[in-house]
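Per-chain numbering from 1; labels A, B, C and D assigned in written order.
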Amino acid sequence: MSDAKEEPRIGVFVCHCGHNIAGTVNVAAVAEMARHLPHVAFATDEMFMCSDAGQTLIKEKIKELNLNRVVVASCSPRMHEPTFRRVVEEADVNRYLFDQVNLREHVSWCHSREPEKATEKAKDLVRMSVARAAKLEYLPIKSVDVIPKTLVVGGGIAGLRASLDIAERGFDVILVEKDSQLGGNVAKWTHLFPSDESGAQVIGPLIHDVKKHKRIKILVNSKVSEFDGYIGNFGVTIKNQSTGKAHRYEVGTVIVSTGFEPFKPVGYYGYGTSPDIVTLAELQEMEPGKQLLKSSDGKPVKKIVFIGCVGSREPGKKGHEHCSRHCCSATAKAAGDLRDRVDEALVLYQDIRTYGKGHEEFHRLARQKHVIYSKFPQDGHPEVEVKNGKIKLRWFDVLGGVELQFEPDLLVLASAMIPPVDMDETAKMFSLTRSGDGFFNPEHIKLAPLTTHTAGVMIAGAAQAAKNASESVIDASGAAAKAVGLMAQGKVEIESTVSHVLPDICSSCHTCVTACPYGAIAMDEEHDPPVAIVTEAKCKGCGTCAAACPSSAIVMYHSTDEQILTMVEAYLCATPGLQGGGSV
Amino acid sequence: MNTEVSTSMKTEKEWEPRIIAYCCNWCSYAGADLAGTSRIQYPTNARIVRVNCTGRLSPEFVLAALNMGADGVLVSGCHPGDCHYTSGNLKARARWALMETAIEQAGVDPRRVRLQWASASEAQIFADGVKAIVEQVRELGPIRSEWK
Amino acid sequence: MTEKKQAALIVGGGVAGMQAALDIASQGFKVYLVERTPSIGGRMAQIDKTFPTLDCSACILTPKLSEVAHHKNITLLTYSEVGTVTGKSGDFRVRVRRKARFVKEDLCAGCGDCAAECPVEIPNEFDMNLGFRKAIYVGFPQATPNVYTVDKENCIDCGRCLKVCQRNAIDLEMKDKTMDLHVGAIIVATGFELFDVSQYPRLGYGHYANVIHAMEFERIINAAGPTHGHLVRLSDGKKPHSIGFIQCVGARDVQKGVPYCSRVCCMYSIKNAVMALEHYPDAEVWVYYADIRAFGKGFEEFYEMAKKRFGVKFVRGRVAEVMEGKNTGNLVVKVEDTESSKVRLIEHDMVVISPGVIPSEGMHTMATKMGIEQTDDGYVQIDHSFFGPILTKVPGVFVCGCADGPKDIPDSVSAGSAAAMKATIILSKGGV
Amino acid sequence: MSHDEVKQQPPINHAPSSNFAKEVEQEFYGDGIMKCIQCGMCTASCMVASMTERYRPRMLIQKILLGKREEVLSSELPWLCMTCRLCEERCQEDVNLSEIFHAVREIAAREGYIPQVFRNTINKVLEDGWLLNDAYTDFVEDDRSDLGLDPKLSWNNDFVKKIKKRYFEGVTKK
């Protein structure tokens, strides 16, 4: 174990990241500069620090040179801080004595046209990190028990699947659904793709199994009204919206499967001006009778038109820039199915994205059944006019080079998948971040699609991005595996980066108590005079209290004033001869 | 800029604005990461100091940076309402006005500091913010001219 | 583990198989991860950057590789193949053939002294045969386990490696071994192959040096690849100023027996187009497509960025033929821009064909051994798209990743976790 | 952009209909029409298309799919296909274009839509008994003489008449 009092002996490892960093930054020069910084006992540059070879090098050098601090200058710490923390720990250096410099995302990639200035910046950042490393302090590693119970938020197909998997694996589940019924969007649909079942057929057995399972507690008409705690030990208050009664539960893990909402495209293609202009979701809710009837006058629909990308793929329009993924295939399936019942069916599209297993077959089948596909230009969407109850469409067919018109009895808009109205509320409740499409950000878009930056909270299905039902089911099982993984281990490590009040300096002004967003600070009445005291388990480490304290009586572990300002100083007041490059 | 200052800058041609950028870990630091992965190019002058939340920043951090010779300070956090810690950025915003007054009293042009919101997906906003403050500070000249 | 039954077998050490292994192992169950090649990592290890974030693939994969390698509950059986499978859910007996790698895994430290000494140089499969390796080799720098392998087909038995190896890890007399495993659940994660684009003679692959396919492009642009990341053409080493990407080759082609969409080609080509412009901002990059299928999270936004910010030119039209110019090595692509109905002849310095995805080699043999069904396309038949998208028709045998159809990385990872969930339900009950 | 160019012309609005495609489908081997996804492989492969900008087999198919019956039948375009079938060999959706255009020509011919040039050709055959009468020159006569053949060709007018009666009755009138 490293002792904080011990003289810092810092090892600096500069990563080439193949060509990614070394192609722009002179990594050898950065390492050379680092070698002469105070407290630095070793500095080198290596091809891939995250590779086994790189990791072994760190461990060997720690042992060989008795290093007690490590700085790795490579990629974003958001990517590899956990990796390197583990590495130093394997060599008996406390994980909080590691610091990472981001030379890739913040230097080489964004300054690739200015290699000299980039190298200068890299040197400065390494110098700042070394200064910080010298001030870093040992913090204990704490682990807590994981309550063997999962909260699943949202009772759609993903939530149901996740609940059932967890219960079958032998853990308890609380399933919360804000509606009075389980089943979500899928339950409402009378026909689903890619199978031939109706939504009810698909979701019915699942609901049945979930209801029957003794390990699953179902709370419908309910919403999470309070959420606190930390991984393994969350406290959650669930309120029944009709009775107003609230109950508090303790859970170890959470799966958020709040799904999506079909976009109501008001202002698009005359939606709202005629009962015969509906969304694809609304069409899917219509009775699958022998004949499709018009909502306006109850007469049979003879001519039907589908328009794709309604509220999707709109560059520059926030929340509508994404592709909604399911609509092309769902449209192909719906158009093919309904073609037998109408005289003419048209699909107006931009690109046909029937990507999935069996989806291309729907597309082919629809065409085989004489559904007419017509591509409209990205900058010239179809125009809709509603006059005397009649819908009149005009557009340009790019591939035939012709202006077209059509008077459908029913116009179906394949509208976007967007987050549900209360997405913001859910995001705040579980401290989740949202990406440009409005859905939740996963921990890593490639390799950690089911976990989030809030440890212990998983996302599944359309809560993460536009997805079809089959994909949501896979996600749900995957998220269940993540939750079970934590519960099966029984214990989990938590961050030690919390705040601490120095009782001798505290002036008992209560400022921090009101500043803390988590209610983690209270007055310790036992102390004389009463001073502020932090409940570490509740503290998330934001540091608002430390900034607010007028007496500087609050220490933010791993983010002390000194640790921050020493970086600023290292950049701005570098000792001549040690500075990065031509700055000053 | 007065002549006295100009003469004190022997190497005016080589002067490059030095910017400290305090970024919160959850939104702006990630936004800066995304700017990198998206290969958005922006000026090299800013040095990012990562903090958990903009709520962590007391006005002293900004003042200290200016005092130590930073030509400008950028504070970048999550959009109001999006804070990973519920409301830390609102606290930062509340302190900001106070801080601006303080630096003005110290004789420093408040245009040297910039508070902005950039989410994890707003790489361009982050990059534009860096560009904006670098250009602003370049216009104002080195900070040494202003401290009384 | 007290009960031997509480173990799972995972066939295939790509990203899906690795994720499944980690998620099972984290619950305390034992995992045998069988991989045919000498290293885990699969296709993702060969890729340079990933879409839509342009993260470098090795950077995000490497920690996973070492996590799998170091996990106490995971036993890595690389360079091994599954033999017979008998039994039923909760109680499978599996015979695994461990091919002789002629290097003792427990002794080799991966120092590479042997390879430096080896006089035989042959094309490296990992670099799509563009670079070279020795007869004693590791495929790539981050190979896991970091253990050398002797390629006996090309080894000349000179014995020089034996002399330099200080740990006496090399044993050229080593024989294949078999190993019998008793497992409760099996996960098939055997991944995919790329369609052999030389089946399209009109596109010139194999005839014209500067027509390459996407995986070759990945290796060329990769810093650890055969050209050290310098994007050059293969005929003369010149920088390409104009590059054309051809989509839907060996995908969405009824006549070639691949009627389905490969899901990843549009995005990896846009990504490669962006990377090419990242290397040479003045270059002209064209993508020829029928539909751009940017359907995943952040994909459409990435496509827009490629168009607007990087200036990648997109032409809607499938390429009919590629012709080579005289002496220059340049290529002319013939295509109809269907949006203006103009037939265009566009000259490029380099043409990159985007091959579609097909089931992995040996899928049929594997399916037969396990008794699982296959689709007409040759992938593993899943039980039901809603009730069991991870289940095969054989209880206790699950499927994830590209073994049941083309998938991108996050979908494969997600499916890997899902397969782990299903497998552990069986393991936790001690067999059903 | 073709879009703008076309927009400048007075718009001729058309209501899409699948009837014409169905009609083509009913013809012998016309049923491949519905498979087309408009990728443009055919046009890019087509030798005729590389000679003239007017001929775009892909666009012709799209016009059939949109039901522009009159335009297609009255145009000479379906008659320009050389039936080399290169497009068919390459088509990734297995569309048999030359058969489809053949089917379209069948319908067109039945309704009397035969481009003048083809009509002239047929008439030429019927008149002369062979297509390239003009190519019969002194050189050919000399060649025939050299080979020991009668330099003058003899016509079997009865045979030509029989063919005319059997195969072309009604078609060439108008």
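In this section, contacts are C-beta pairs under 8 Å (C-beta built on N, C-alpha and C of every residue); 3 or more make two chains touch, one makes a residue touch a chain.
What you see is a predicted model; the values in this text were computed from it and never measured.
Peer 1: Which chain is most remote from chain C in terms of Cα centres?
Peer 2: Checked the centroid distances; the maximum from chain C is D.
Peer 1: Counting only Cα atoms for the centres, state how far chain A is from chain B in Å.
Peer 2: That gives a centre separation of 27 Å.
Peer 1: List the centre-to-centre spacing of chain B and chain C in whole Å, with centres computed as mean CA coordinates.
Peer 2: Measuring from centre to centre gives 44 Å for this pair.
Peer 1: Taking each chain's centre as the mean position of its Cα atoms, how many Å separate chain B from chain D?
Peer 2: 72
Peer 1: Using Cα averages as centroids, what's the distance between chain A and chain D in whole Å?
Peer 2: 58
Peer 1: Please set out, as single numbers or ranges, the residues of chain C touching at least two other chains.
Peer 2: Touching at least two other chains: 53, 55, 252, 278, 338-339, 341.
Peer 1: Residues of chain A that contact two or more other chains, please.
Peer 2: Each of 112, 352, 364, 377, 398-399, 401, 435-436 in chain A touches at least two other chains.
Peer 1: Do you know which chain D residues sit against two or more other chains?
Peer 2: In chain D, the residues touching two or more other chains are 2-3, 35, 37-38, 58-59, 93.
Peer 1: Thinking of each chain as a vertex joined to the chains it touches, would you call that graph a line, ring, star, complete, or other?
Peer 2: other
Peer 1: Write out all the pairs of touching chains, ordered by chain label.
Peer 2: A-B, A-C, A-D, B-C, C-D
Peer 1: Which stretch or stretches of chain B touch chain A in the complex?
Peer 2: Of all residues in chain B, those touching chain A are 14, 16, 18, 20, 25-27, 29-30, 32-37, 39-42, 44, 47-53, 55-58, 60-61, 64-65, 68-70, 78, 81-82, 84-88, 91, 95, 119-121, 127.
Peer 1: What does chain D use to touch chain A in their complex?
Peer 2: Residues 2-3, 6-7, 11-18, 21-22, 34-38, 58-59, 62-63, 65-68, 93.
Peer 1: Can you list the chain A residues touching chain D in their complex?
Peer 2: Against chain D, chain A makes touches at 344, 346, 352, 363-364, 367-368, 370, 372-375, 377, 380, 394, 396-407.
Peer 1: Any idea which chain B residues touch chain C in the complex?
Peer 2: Within the complex, chain B touches chain C at residues 34, 37-40.
Peer 1: Residue numbers of chain C touching chain A in their complex, please.
Peer 2: Touch list, chain C to chain A: 15, 19, 23, 26-28, 50, 52-53, 55-56, 58-66, 69, 110, 141-142, 144, 146, 222-224, 228-229, 252, 259-261, 263, 278, 291-301, 304, 308, 338-339, 341, 384-387, 389-390, 404-405, 409-411, 413-422, 424-425, 428.
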